[in-house]
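Residue numbering begins at 1 within each chain, and the chains themselves are lettered A, B, C and D in the order written.
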Amino acid sequence: MPINTVGRFEVKYLQVVSEEGILDSALAPALSDTEIRKFYEAIILARTFNGRALSLQREGRIGTYASILGQEGSQVGSALALAKDDWVFPSFRETAVFLSLGYPLHLMIRYWMGDERGMKVPEGVNIFPMSVPVGTQIPHAAGAAMAMRIRGDKRAAAVYFGDGGSSRGDFHEALNIAGVFRAPVIFLCQNNQWAISVPRSKQTRAGTIAQRAIGYGIEGLQVDGNDVIAVYKAMKDALERAKAGDGPTLIECVTYRLDDHTTADDASRYRASEEVESWKKKEPLIRLRLLMEKKGILAKDYEDSVLKEAEAAVDRAVQEAEAMAAPDPADILNYTNAALTGRQKKEMKDLGWRK
Amino acid sequence: MPINTVGRFEVKYLQVVSEEGILDSALAPALSDTEIRKFYEAIILARTFNGRALSLQREGRIGTYASILGQEGSQVGSALALAKDDWVFPSFRETAVFLSLGYPLHLMIRYWMGDERGMKVPEGVNIFPMSVPVGTQIPHAAGAAMAMRIRGDKRAAAVYFGDGGSSRGDFHEALNIAGVFRAPVIFLCQNNQWAISVPRSKQTRAGTIAQRAIGYGIEGLQVDGNDVIAVYKAMKDALERAKAGDGPTLIECVTYRLDDHTTADDASRYRASEEVESWKKKEPLIRLRLLMEKKGILAKDYEDSVLKEAEAAVDRAVQEAEAMAAPDPADILNYTNAALTGRQKKEMKDLGWRK
Amino acid sequence: MAKTNIVQAINQALTEEMERDKDVVILGEDVGRDGGVFRVTEGLLDKFGPDRVMDTPLAELGILGAAVGMAAYGLKPVVEIQFMGFIYSALEQVFSHAARVRARSRGRFGCQLVVRTPYGIGIKAPELHSESAEALFCHMPGVKVVVPSTPLNAKGLMLSAIRDPDPVIFLEPSRLYRAVKSELSEGGAAMPLGKADIYQEGKDITVVAWGTMLHRAAEASEGFDCEIIDLMTLKPFDEEAILASVKKTGRLVVVHEATRMCGLGAEIAAFAAEEAMMHLKSPVIRVAGPDAVTPMARLEDAYMPDAARIKRAYETVMEY
Amino acid sequence: MAKTNIVQAINQALTEEMERDKDVVILGEDVGRDGGVFRVTEGLLDKFGPDRVMDTPLAELGILGAAVGMAAYGLKPVVEIQFMGFIYSALEQVFSHAARVRARSRGRFGCQLVVRTPYGIGIKAPELHSESAEALFCHMPGVKVVVPSTPLNAKGLMLSAIRDPDPVIFLEPSRLYRAVKSELSEGGAAMPLGKADIYQEGKDITVVAWGTMLHRAAEASEGFDCEIIDLMTLKPFDEEAILASVKKTGRLVVVHEATRMCGLGAEIAAFAAEEAMMHLKSPVIRVAGPDAVTPMARLEDAYMPDAARIKRAYETVMEY
């Protein structure tokens, strides 16, 4: 056995709807027109919210904001594949995931206003508060999934992170542990080609992020992240495997961050506008619209009403968010521990926060 | 392009000398008899030292000690492939690497006596002090290799760690960064099947550790770690690639920890003696002896003299180590910073450590 | 009642609590088949099975991060970090997550978990097996920090730590593991967190210590009339107990093994300097490790405050 | 001479030192083409090329670990951690390696590196962008900790930090980055580490502060005769300067943004309680963050000590 091959691996790339809007019916999951409309409606809502958030930021009504423009396909496609009792562990750039799962819009705005109450997740919505330190939420999902397995709950956890996040040690330890325990967890990497100013090519020398799965003995797949149907299918399949006890999956959604990193960033400093323009042509809404047109389910009045509803919902949310009373400084201490310690009570008094 | 393959990978396993001692001449590196004897002599020295260290521990003359029995092939084979100006970043179980690179034996004993002076690496020996926190030394090697590249030095760094170490975030971040910067570094994993009581199969679900390389776009190879010639060859090739600017290599040496984890451990609590026995038959010295016998270069008097010399060297080292004056408590403070701070001077006086 | 050491006491607490509450799970390196390198979890794998006693890969950050996720889902993980010196890679999970989940989610999620780890100089093991970095955690809002000193309080405090809704860092003085014995009954009571114990009453000097140093401070007190406070919970610590004692004695000595600068001794001294200044008759003295990292075995006794150094501090404050 | 802010001052220091010493290299996230998210490294990539100004993957522990290896090999890396809240995953590399390489190797290897990071509340950014965790590093033997307060000392201290043979944690108050200006000459002098600055002389109250809080403490001092000490080097801090001042004033107030428990304020208060007890006329007061994590933007001003709170402390000590 002088030199022989002890392992052979492949990485696959999935696209279901081509850039011309042609659906590959062999690969396509069974989706009713209503279901396809749901993707459309979720993308329009997310995009409407996102646009408004950007204006609110410019007007100084919210703080720094991280745009999701261009990533709605990956977020909506994956979120809509989840069951109600699955759990989600998001980073800070998952607005469309939150909204697709029914997260109250006004809370989302409140969060970006710099108010912790915006992450007080309503009961029944299984989203963990968004994680700002990149990659650190990945082990949480592994742990929650291990807990599901231990309890015998037929559920899965999904965790979102970026191409940058895939370079962190958290990624490694979490995927490896999840593999060992066959935890029902989906690791969803939105490879949007940039980590602030660092391009994907400088994030890792590997050709794909999906191939990392090989190193953990788990499933891995690259997906056209701008093809909402492909993402949906990949996520559905992965969830099914996870719940059947077949362990975790790493899904790499290939997509693009069309806007600046956040409103505090100026991407023109480090990337060419031609690159951005070329990706604009591939953004997920164009693709979905082409498909829906071909299917004849994108009537003008439907389009108008979806947009109008989204705008109305966002309007209401902004009003509601701005109408909320200012946060109470006492809450700085109130939520540190389950109960105030003696020292915290004293501080509360000294600071004049206790009525 | 509905679903297509975007990456295809293989993991190879290298063995040059079979368990029967047959050398695959197509794969074998050009090695003179003298060179082969060097492997033998280094293994005998390491094994003699190791045995003595275990007795010294039992006699209470040194502290907890981590035996290398069974891993000499991986350590000697890789160490002897290094050039004098390459750098090494060891963990705590690399005694044979240290000794093969000319590390003074008495210092090694002194270290295991619990004396920092044992890690005062002599000038001209490029070994970084051994790292006790598992895996944490891996990024150091990446950084040193980056520095070599920056300075234009035709050198490489080699870092040693175990199967357990491969699960740590440090491993991931280091291999990925090294890949991005094409740093001349060899990541040498001694997969000895156990991390204290955790078997390799519970360390990761991946079939090999070598396949992790795929995730970083770097070279990876599995080697029979009990075949000192194969390890030597793999390391030589990797060093050559590194110095030619072709980036890092991950080498997984498949070997076995024949002894307890350390002298503080009792492996019979968690592993079957049959497993140990079966690996004993594959240990690296048996293989090398078979090869040398076949080559007719293992005369009885040679054998005797090598052993005698090793024993004499270890005797001298023990004497020298035990003759050293007790360490000076003042050194606790002396080496914390480059110069004593005012506070440290005061502490020195208060503690009565300043003469 | 049998004489029990700290290892056995914690093992008892874990066993009883796991029997009582099926959400309690254990995870860490070598905690299963091997029973932990100090045997604290011995027998638990056989009793509770691999779903509740999990041998993990060698990945401290992953272990702690997973525990945060388990806690979010409703389990009550007890994590073992093999030695305190190996918790540093997991600090982000403690500081940025475990400690903040409640505040971040305005109470929607909590993080009920315990991190157990052997702590301090004591077993002449290699480097980084002797850390006493309690102050790092004491500086972190949102966590609790506990150090037992006897089998009795080890068991009582562990029961409370597991039941506490906040993340608790439970530091086990490795030097005391088998060195101190108590009579311990099965099913013994939980001891409240946040309450110190007056280990020895006295009227001249208030001495605050915990873990190994408690015993040293007591040993050194012969010939002095020391009131020795076993702090036990380091965060939040029992301010009333210290204050009451200092007001009585007018003198304060804090003894700890950790390096002096920004150690918990600084907090206790500063607390006294703020709240009891007018009662203090003498300087507040800290007997602590010098500004150097814990040395290897050969020098560890020189580093660690010994009875002579502690006595000197008692003498000094008695000069006033 | 042009008016310079702190961003520009540090940029100048980096530029001059990189010109002077080719072993100085920069690495971190977005430090190259983007010039750092605060533009501190702006222009350096173009000037020194990608071998000396390295945009790294998003991997703090890897970055710091690589820097330790570079330093061992003889380079002098200046690492940027994008915000202090993201250094936690790299703490092990600082605590277990950077700080110990010298002791571990008995002086054979050192670890000459600087870790720069924006620090403190100031820019209304999301969570974990406002940490002030200086005490964690102050508790760590083997490292130095520096916080500048003006462009002038930012430049002078950065020059010294890069030249210092020990690892230096250089914390840049993000709130001050563009808020304070100095006249700064090119090639200006290095300022010694370990020396405090008497920012304002006075005879009633010694006030110790650093970074942003220095300016607040000064602002609040109107109507009081405060001697304000700008500590600048937090570890090792200038004990003589504090002692001399406290002996003169008999009163001590320490102001910092970080949470109170086990903060650096505790050390300074404890230091005074040990070495200047007999000179103290009043309790030592710490004005510091409460026992809670730094809140998000909406509440950050409530968390941060303001002039009113600081004034109250001055009033309190003046009652004695």
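Everything below uses one rule, namely that contacts are C-beta pairs under 8 Å (C-beta built on N, C-alpha and C of every residue); 3 or more make two chains touch, one makes a residue touch a chain.
All values reported here derive from a predicted model rather than from experimental measurement.
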Relative to chain C, the most remote chain by C-alpha centroid is chain A
Separation of chain A from chain C, taking each centre as the mean of its C-alpha atoms, in whole Å: 39
Taking each chain's centre as the mean of its CA atoms, chain A sits from chain B at a distance in Å of 42
Any idea how many Å lie between the Cα centroids of chain A and chain D? 36
I'd like to verify one number: the distance from the centre of chain C to the centre of chain D, where each centre is the average of its C-alpha atoms, in whole angstrom. 30
Mark out which residues of chain B touch at least two other chains, giving numbers and ranges. 116, 133, 136, 167-170, 172-173, 176-177, 180, 202-204, 331-332, 336, 341, 343-344
By the touch rule stated above, which residues of chain C touch at least two different other chains? 56-57, 59, 61-62, 85, 88-89, 92, 96, 103-104, 127-128, 141-142, 236, 261, 290-293, 295
How would one label the connectivity among the chains shown: line, ring, star, complete, or other? complete
Looking at the complex, which residues from chain A come into contact with chain D? 63-64, 92, 113-116, 132-136, 164-165, 167-170, 195-198, 202-204, 264-265, 269-270, 326-327, 329, 331-333, 336, 341, 343-344, 347-348, 351, 353
Which residues, counting only chain C, touch chain A once they are in their complex? 25, 51-52, 54, 56-57, 59, 61-75, 77, 89, 92-93, 96-97, 101-110, 141-142, 144, 164-166, 194, 236, 239-240
Per the touch rule above, chain D residues touching chain A in the complex are 29-30, 32-35, 37, 55-62, 85-86, 88-89, 124-129, 260-261, 290-293, 295-300, 302-303, 309
Please output the residues of chain A touching chain B within their complex, sorted ascending. 1-16, 18, 24, 26-27, 167-173, 176-177, 179-180, 182, 202-208, 210-218, 222, 247
Write out the stretch or stretches of chain B touching chain D in their complex. 87, 89, 116-117, 119-121, 123, 128-129, 131, 133, 136, 138-151, 157, 169-170, 172-174, 176-177, 180-181, 331-332, 335-338, 341-344
